[in-house]
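Next come two complexes, and both contain subunit A; in the first it sits with subunit B, in the second with subunit C.
Moving on to the complex of A and B:
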């Protein structure tokens, strides 16, 4: 990740910890968000979309699954689409 | 045939919803296929994809005598209750008030007042209107009930479970007459919540048809249920019999029903079996029929699976298509519709089908008459009402023109009920061993507001994974940990063989009010289109019981009762009844309450949060506010014996009463508490001379101290009281509301089992006040556990040595 992407990824980690109750020490850049350990579901993805929109003004409505894979892919999507 | 002493009958009905202000109007509109679904008026729908609701238009809601003390939900409830009482012709002046109770269901309680609190100056007067607890208290005040008064908070199944519980209490001999039902008001919290879940239909909901979401409604329903013998003795008009009910949990998902319909079918089959009926006997079902794809598909499956084989004459409809989904009122409103259908021999329709929908309906309906668009005359004998709620709670109840074949043991024939496991989450730490250590150490809290903590160590010990517990709010997390701890302590593994033999009764004073307030504050800041789909499922009071069912696999009875601090022991009384009446072998009875910044602020508004160092029976202005969760595993003797369970103690009886004092206060409840003690002792076959000790509810606040002393003087006499040790757990853990009242029972069980040191701190009355002392508890055999809610509801439970 670039320096900017890392900055965004760290903020996304904070947001996901706060809004989705994920233990901060478990939430690495790489861990799959929809895997067994964190276990996000469709309701959680709506929450992520709202958080990213609030924080960065980036709409992820209707975006495919790939950017939601982990914190790194979310950060890269935000970095690429931020206004 | 059901023996007369086991017969419960409906002698009065009341109802209010978007298509009528009383039963006659609501019924006439329904059978004329009138829909009350319109554009929303009372909440802001800006930016929301759906803007329909079925709101009540009634200009007389403020006519109730205590209207200024009530949230809209209580006003709605009192309206239906008053109609039902008047319809029943009961003259309260001629009734023994301790035999008259109120059980009311609600999902969201006083959310209108929560919004008003945050929008209009955070006034203390809104605080006592917020909890669901207030609703039954307001109805009790209206009618002068002095018996069992409580609220069932099982979301969309609450109204149905309330009626079922009232009948169970009548059959247990606890009361003669109950006002039972439910109420909910339309408000921002449920509206924005269902918007966030994308569960609202943008068009009027279309159950069993388009199935693209719900439309919210509001209103209330009330029935007067009465023992047959009592109704006949006063020459009452009898609408119908209430036969058996069935209550189950899904152990599946916090908002979605099981796709295989297992939990729904368990509830329906239990209701049939408890009524002595077969599937072929049911002529009409008022279905849950919300209009969501998941509910309707599961319900189609459940009904076809149970009824298709033997029933060629079944009609089904969803009145939600006209009155919307009234949440905690739904079961009660639909019960009244089912009763009217039965007595009028007429089936109200599901509205909203277009010509082009009919082929699809016929295909999905099969041989069942899913009554579309127009009412039909039909001779009916037995009708059923089904409700399936958030949290995976299912309830089914049967009304009939015949007496059925209800076989429920009388209270005197109840099997003994043992306490076989404990789970403790408290501000002084978690687990039984920790509690025993802290009890030895003489620990006292040093702050005015104290908190329980659950962390990774607790979750790991309970084998709870982050993917599960991260979804829970603090209230549900406290409950999940204490519940799983209690199961482990009881050495009870839930598996396919025993899952339906185990139930849950959660008691809570304030439920998830903190989460509701948090959700509401977000709405005020960001608008109703921006509610959190993550938080919303946790705003229902029964989320904690639902999550416990999911993580433990428990599929039996599942109810959440809420009526102030005493909820933690009234849950034990409830569970004792469920086991005694043979509904379950094992029930987890709990007391759970959360203390957050929001809760401390709300209790602070009432002026009762205060560090107190003068002891439990001081004359302070407040108490140390705490939180936590206590779970007791209650188990029938035969079940405990069969699996060689270690037993702490035995639950031998209970008494529940109510004083019609102002909600939020206790002063004036002395006689009610005294009566609760007397009834509890009588039900346990004991006299006052048999009581070795009391575990009371002293929290340092003067009003509670005066209440306890006054009540015990009346109950035991001053001489006995001077030698009667009174223990309290609140001096150590703080006023943890339902958690500390359940802990009082756990403390009694720990003393009786010899797990605590024999020498224990206690208080003794010296003619002037309660004085601290140390007592030897080795010879204790019978302990009375007491509690009282701010609002006058009192409970006493007898715990005996085995």
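Moving on to the complex of A and C:
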């Protein structure tokens, strides 16, 4: 990840910990968000979309599953689409 | 930019309005309000209306007969994308929702409808109930309510559609629930969806049934 992507990823980690109650220690850049360990589901993805929109003004509506894979993919998507 | 309406929209809406009048004659509605203030709420305020779903007719009967703000109805992609129906759905007040894949456009479209001061209706079971029981609810409507703070009004339809017999509709009081509770939405909203299910089961006069847990539900909303 680039320096900017890491900065975004760190903020996304904070947002996910706050809004979804995920233990910050468990939430690494690489851990799958929808895997067994974190165990998010589609309802949580809507909350992620709202958080990203509020924080960065980036709309993730209709983008498919890939950017939601982990914090790193979210950060890369935001970095690529931020205004 | 304002979205361009497909051709014949006005004509289709006109025919739909006539069809609505015919529906009122063929299946005259008998609407009972649990609380008279909900009548005013439906007419004057935007709402998220949730209803049980036992026949396809529900999807066009309720918007035609329930006095409310302009009502947009969610319909699953399975039906929305059928060629002839799609031609109609695109010209009327229907919003597609994909229950099989991750779809967030329905939420965005619902928010736009509510932002415009209109109401939405959703069948939280996500499908027709074939055995007359109230199946477990998908919690997506609660995410819409959480993000918009619009009241949720439950309605239930009782009995089958029989020509020239009154169709009974009970309108419940707005559901009071804390959707902003801290924690993981998938857990909180599924718990609240069970609460809404209990309220509608009671309105239908059904005993509380043991529901599928959130984890058991295969579809996503």
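Basically, the second predicted complex is superposed on the first by the 83 of 83 C-alpha atoms of A that agree within 3 Å, B and C clash if a C-alpha of one lies under 4 Å from a C-alpha of the other, contacts with A are read in each partner's own complex, and residues count from 1 in each chain.
We adopt the following convention: a residue touches a chain if its C-beta (ideal position, glycine included) is under 8 Å from a C-beta of that chain, and two chains touch if they have at least 3 such contacts.
As the structure is a computational prediction, the values presented were derived from the model and not from experiment.
When the two structures are aligned on the shared chain, A:60 is found in touch with subunit C, with no touch to subunit B. Once chain A of one complex is fitted onto chain A of the other, the partner contacts of A:37 are limited to subunit B, with no touch recorded for subunit C. Looking at the shared chain after the overlay, A:23 reaches subunit B, while subunit C stays out of its contact range.
By the touch criterion defined above, A:72 lies against neither subunit B nor subunit C after alignment on the C-alpha atoms of chain A.
After overlaying the two complexes on the shared chain, residue contacts for A:47 are found with subunit B and with subunit C alike. When the shared chain is aligned, no partner comes close enough to touch A:5: not subunit B, not subunit C. Note on subunit A: of its two partners subunit C and subunit B, the one contacting more of its residues is C.
Shared interface residues of subunit A (contacting subunit B in one complex, subunit C in the other): 20-22, 43-44, 46-47, 50. Against subunit B, the residues of subunit A that register as touching in their complex are 19-23, 26, 36-39, 43-44, 46-47, 50.
Partner subunit A is touched in their complex by these residues of subunit C: 102-105, 107-108, 139-140, 143, 147, 182-186, 189-190, 214, 220-221.
The touching residues of subunit A, when paired with subunit C in their complex, are 20-22, 40-47, 49-50, 60-62, 64-65, 68. The residues of subunit B lying in touch with subunit A in their complex are 196-198, 456, 465-472, 530, 532-534, 537.
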